[in-house]
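Following are the structures in question.
What follows is a pair of complexes built around chain A, which joins chain B in one and chain C in the other.
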Partner chain A sequence: MKVGSVVTGRLLSMIPTLILATLIVFMLIRLIPGDPANAIAGEYATPERLAEIRSQLGLDKPLVLQYLGWLGGLFTGDLGTSFMTGQSVLGLILERLPVTITLTTMGLLVAVLIGLPTGILSASRSGGRLDRFLTTAATLGLAMPNFWLGMVLILVFSISLGWLPGPGGPLFLADPVGSIRATVLPAIALGMVGGAEICRQVRSAMVEDLSSDHVRTHKAKGIPWSRILWVHSLKNSSLPFLTIVGLQISRLLSGAVVVETVFGLSGLGTLIVTATNQREYLIVQGVVLIMALLVIFTNLVVDVLYRVIDPRIK
Partner chain B sequence: MSVLSVSDLSVSFSDPKNPDTKIPIVKNIDLTIEPGEIVGLVGESGSGKSVTALSIMGLLDPRSALIDGSIRLQGDELLGHGPGTSRALRGSRVSMVFQEPMTALDPVFTVGSQLTETLRAHTRISAKEAKRKSIEMLDSVGIVDPEARFYSYPHELSGGMRQRVVIAIALLCGPELLIADEPTTAVDATVQLQLLDLIKNACEATGTSVLFITHDLGVVSHVCDRMATMYAGEIVETGEVSRVLSAPQHPYTAALLGALPRPETRGQKLTTIPGRVPIPGTEPEGCWFADRCAFVADECRQSHPSLETGPAGTLTRCARIDEIAPALAATTGPRRDIQSAHTTGGH
Partner chain C sequence: MSATATTLPPSSAAAAALTTTRPKARRLPIVRWASIIILLAALVLLAAGRWLTPYDPTAQDLTSVFASPSWQHWLGTDDLGRDIFSRMIAGGQATIAASLFAVFVALVLGLPVGIAAGYFGGWVDTALMRVVDTFLAFPAIVLAIGVTASMGIGLVNAMLAVGIVLAPAIARLARAQTLSVKEMTYVEAARSFGAKGFSGLILPHIVPNMIQPVIVQTSVIFGHAMLAEASLSFLQLGVQAPGSSWGAVLSRSYSFMSQAPMAILIPGIAIALMVFAANIMADEAQDWLDPKRRR
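Here is the complex of A and B:
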């Protein structure tokens, strides 16, 4: 199968996934006690007032109609408006999206930069002292919650040492450089767990590959060890590596919700947290939709890369 | 000067459960290979054939394997060097063909790149020249349309073709010694004979000596000049193939021979050798084959026999050779028809 038809196939299979994701979030958010009318009218509102607000917002219609109405809007690019402020949901998301994209991209970069070299090093010395040290470090890294790591990083690097800005970064579009600087610490907090996971997966894939027959052939050919390790074994181990990177994308996006809150970044994560508290149904739905799109898209990229790397995958 | 001269080679491995104890696998092997000679190393699984080969190649893990003795290639000692030295020899002066062609090649690199990188690891050569030489080599091992196959991936080739590629890689740098470790065991019977002839003819043409490891005496009689039978990590019989196979002096070689299918035994059950090779470290006192030997006597359990020149001019490790050899000759008879089950009909 050609790459083009793979992409088309994948894009088509995205549609049911997306519909399912939106349906689930549509239901879940409505299961939370309290609704936007409560949030808008306050604690002491009369039942009549609440009913009035609900009918203004269209929340008195049957759920099926509400969902279909929202779904219909999607086709014209209309994600609805905020119940509270009347702002366009799409506008809110687009304003916050660059922050989250920068954060997750840098988080992924941190994860790969930490995980890949340590994994390779660990595998090449498997059973040795360095391998044991790195494996222990990776286990510790996996066990470290990102919000805790975030707070430690803030304490050390921004409060004690003053090297990097603390919580509260500028919006990406207003000040790109400042925004990236403000994203360094959160990206480390976010990417550390992923790095540990990548290290473990790369190590085990390469340890297995290094004991394989084709590596023995390379040794018998007299190929230098460094080339066997960094060229042959690495390429042979890159499918599990890509798989774990693909999985990390969704972990990073969900981790961003916590890390953005700890670091006070105005990205999609903080947007969805506030929106959930205020029962801004449409904002929550919109953000989840965008995140699902991001995850599906990166998995598509990973899928195409599989075929580029391994000629056996048809 | 001998191309390969192995003397008093012993290999032991550390016990994973008890790192201080070493388990001997190969015991005091002596083996020489002259220029252009094809020597067969024969024995059943666990006899130490492959470990002998891997120690000559320098492919045993120094963390677990302890190698003693001397291995000389054209007089150059191979043991006791750092890893760099033996890497430089591997692929250029000694090379190896493995048993399993389906997994021996790197699946995510083209056939061509796996050949050219071998050349470029050992010689200063331009990419263009490396490609030309590689295609030439693919052609000479009988690969049809070598220019196109140069860009193929291993999975696009059949098992026999892949083994031809492995042979091409092994012969690419014009080695003095080729070690072939059961190279035809895993391929189709119809391809076996072609590959055997390919190895034989290609090495004859370049003057490359071959250490041919196999459990198949039919293969030995087809390609080898001399042979050595290994049992439980030591050589029990060695000599010219024609002499050993026509009149085996050691009961083990005779038993292996008896296990081969022959036209006159068609329809009968094949003979098997009862029992199994002793677990390394638990060899009995006296002859190690005694427990499985049809000719065992009390004297066999007294002391471990040494390799002695027998009446047929071959070296044999058997205490009762004078009594057994005539008896063996009577049971096995002169053998000029030896062919393995797989190669039968291939001539």
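Here is the complex of A and C:
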């Protein structure tokens, strides 16, 4: 199957999702009870300031025109400006984006490094003590709040042992190495929960595959168990693995918001939390939109990979 | 399931397959019993929390800040001299009630959408599921923060937002279940006798037969809601001072981690155990309800 046509097809089918996603994000500000301009400017705002905010948000126009105007702005990269500082929202987001992407990518790496080997190990000892232990540990891992795990890691590795830097890290563009070093502990905190999920799903997929006929045939032919496990069965379990990795992206981004706050990283998470407290609705709106777009596009990549790997899916 | 698979993008179809019938590890009985005890404790906390606190959870005593655990204060005191044990009990009650509220919101929003999509099929299904899938594209906490930012910071709004974020999972499951149940011969038989519409067919014949997996899923959703409440209250977008929830206790103890490092452990362990117990119960219930896997 040609990758180009798959990508085009998926891109076209994404259009309704993208339109709906922008609609949902657009409607967020309209959820504000009462007059949004009042909520933004505060109790003691002058009528001029209120009028200024209304015209900036386009609140004086009909809803449909407001949406179309906002959508038009999106295409030119205009997500509005901060009410307090006048900075461009897109600029603020682009400044913080690398931190969140580094954290999420490293978190995913940790999740795969933990989840894949433990999942395989658990499946190969299916029903045994090690399997029971790993499965219970994975269920416990899924239950832990990732930001709490982050605090425990700070307590152990930063405060007690002093091995890694604690909360606070430089912006990625200012100091890439320092930024990555400061991301190690948060990435572990973020990736552990994902690792638990990957472990469970890889185990399930492989246990199922290991009880299938082709494995019996391989065994009968005298192929070593380790080869059956690591080559044949793992290959057959690659699709569920890919799926679960794809699903993790959204969860990791979700977790990153809180983990960033624990570690004081200047990413999109801390940006949206600060913006929420300062009633900077346009920044909140911008971050929600960018995060959704990130998820939609990673889903696209996973879908395309899926079709490339598995010829049965048309 | 095949009907689902043809209409969904592969990632979501496979995602649905991932969570259904897959082999599971046999669990030690002690894990099951521990989970039941934890959930019973949660019920007691929910029903009688306010009578169980040894001290007023908001009463400050600045003469004994950061006190270590003792017979007077079982878990010590916080930066304002408030009894942590009392705050954990009051906070537990708030956390559990808030999570149940979010689950309720998710069910109220997700069930009708899922059942309607599965029952009517066609363009209704396509349109509804498109919306549901779009909601799934938003990272849960991020959307919850967005909704809370607009509706106003506070526990009720935060959990309403969490309910909205959790609803798509319920809708998806309800749709898949409705799709398979509506093809069953007993539904066909009822239809041939003239049963139709919501009160004639959906409520008496379809809902009772599709609801079991949804009930199991609510246990998992409850766990998600607890983690979301903890996250939002930690970010100070949920419970507001001087109120208490496990996330809020965690947030407070984090601010003073260098003075009282151990205080962060208690709320975290409480949250993890509760979510763990909810997930184990969901697994157990799924096994118990599935006639094929019953031993």
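What we mean here is this: the second predicted complex is superposed on the first by the 276 of 314 C-alpha atoms of A that agree within 3 Å, B and C clash if a C-alpha of one lies under 4 Å from a C-alpha of the other, contacts with A are read in each partner's own complex, and residues count from 1 in each chain.
To be clear about the criterion, a contact is a pair of C-beta atoms (placed from the backbone, for glycine too) under 8 Å apart; a residue touches a chain by one contact, two chains touch by 3 or more.
From a predicted model like this one, the values you see are computed outputs, not experimental measurements.
Participant: Here chain A is shared; do chain B and chain C fit on it together or clash?
Facilitator: Superposition check on chain A shows chain B and chain C fit without a clash.
Participant: Could you look at A:299 and tell me whether it touches chain B, chain C, both or neither (first, second, both, neither)?
Facilitator: Touch partner of A:299: chain C, not chain B.
Participant: Have a look at where A:140 lands relative to chain B and chain C in the superposition and call it first, second, both or neither.
Facilitator: Only chain C is touched by A:140; chain B is not.
Participant: Tell me which partner A:232 touches in the superposition: chain B (first), chain C (second), both or neither.
Facilitator: So A:232 only meets chain B here.
Participant: Of the partners chain B and chain C, which touch A:247 in the superposed model: first, second, both, neither?
Facilitator: second
Participant: Quick one: chain B or chain C, who's touching more of chain A?
Facilitator: Larger number of chain A residues touched: C.
Participant: Is A:201 touching anything from chain B or chain C once the two structures are fitted on A? First, second, both or neither.
Facilitator: A:201: touches chain C, not chain B.
Participant: Once the structures are superposed on A, label A:32 by its partner contacts, choosing first (chain B), second (chain C), both or neither.
Facilitator: second
Participant: With both structures superposed on the shared chain, find the angle between the C-alpha centres of chain B and chain C as seen from the C-alpha centre of chain A, to the nearest 10 degrees.
Facilitator: 80
Participant: Could you look at A:221 and tell me whether it touches chain B, chain C, both or neither (first, second, both, neither)?
Facilitator: After superposing on A, A:221 lies in contact with chain B but is clear of chain C.
Participant: Quick one: minimum Cα-Cα distance, chain B versus chain C, in the superposed arrangement, integer Å.
Facilitator: 8
Participant: Residues on chain A in contact with chain B in one complex and with chain C in the other?
Facilitator: Of chain A, residues 127 contact chain B in one complex and chain C in the other.
Participant: Under the touch definition given earlier, write down the residues of chain A that touch chain C in their complex.
Facilitator: Residues in contact with chain C: 13, 16-17, 20-21, 24-25, 28-33, 122, 126-127, 131-132, 135-136, 139-140, 142-145, 147-149, 151-152, 154-155, 159, 201, 203-205, 207-208, 211, 239-240, 243-244, 246-247, 250-251, 253-255, 257-258, 261-262, 272-273, 275-277, 279, 281, 284-285, 287-288, 291-292, 295-296, 299, 302-303, 306-307, 313.
Participant: Of all residues in chain C, which touch chain A in the complex?
Facilitator: 9-11, 14-15, 17-18, 22-28, 31, 130-131, 133-143, 145-153, 223, 227, 230-231, 234-237, 250, 254, 257-258, 261, 264-265, 267-268, 271-276, 279-280, 283
Participant: Which of the residues in chain A come into contact with chain B in the complex?
Facilitator: 127, 212-214, 216-225, 227, 232, 235-236, 309-312
Participant: For a test of understanding, state which residues of chain B touch chain A in their complex under the given definition.
Facilitator: Against chain A, chain B makes touches at 57, 59, 63, 83, 87-92, 95-96, 98, 100, 103-109, 114, 117-118, 121-122, 153, 155, 166, 169-170.
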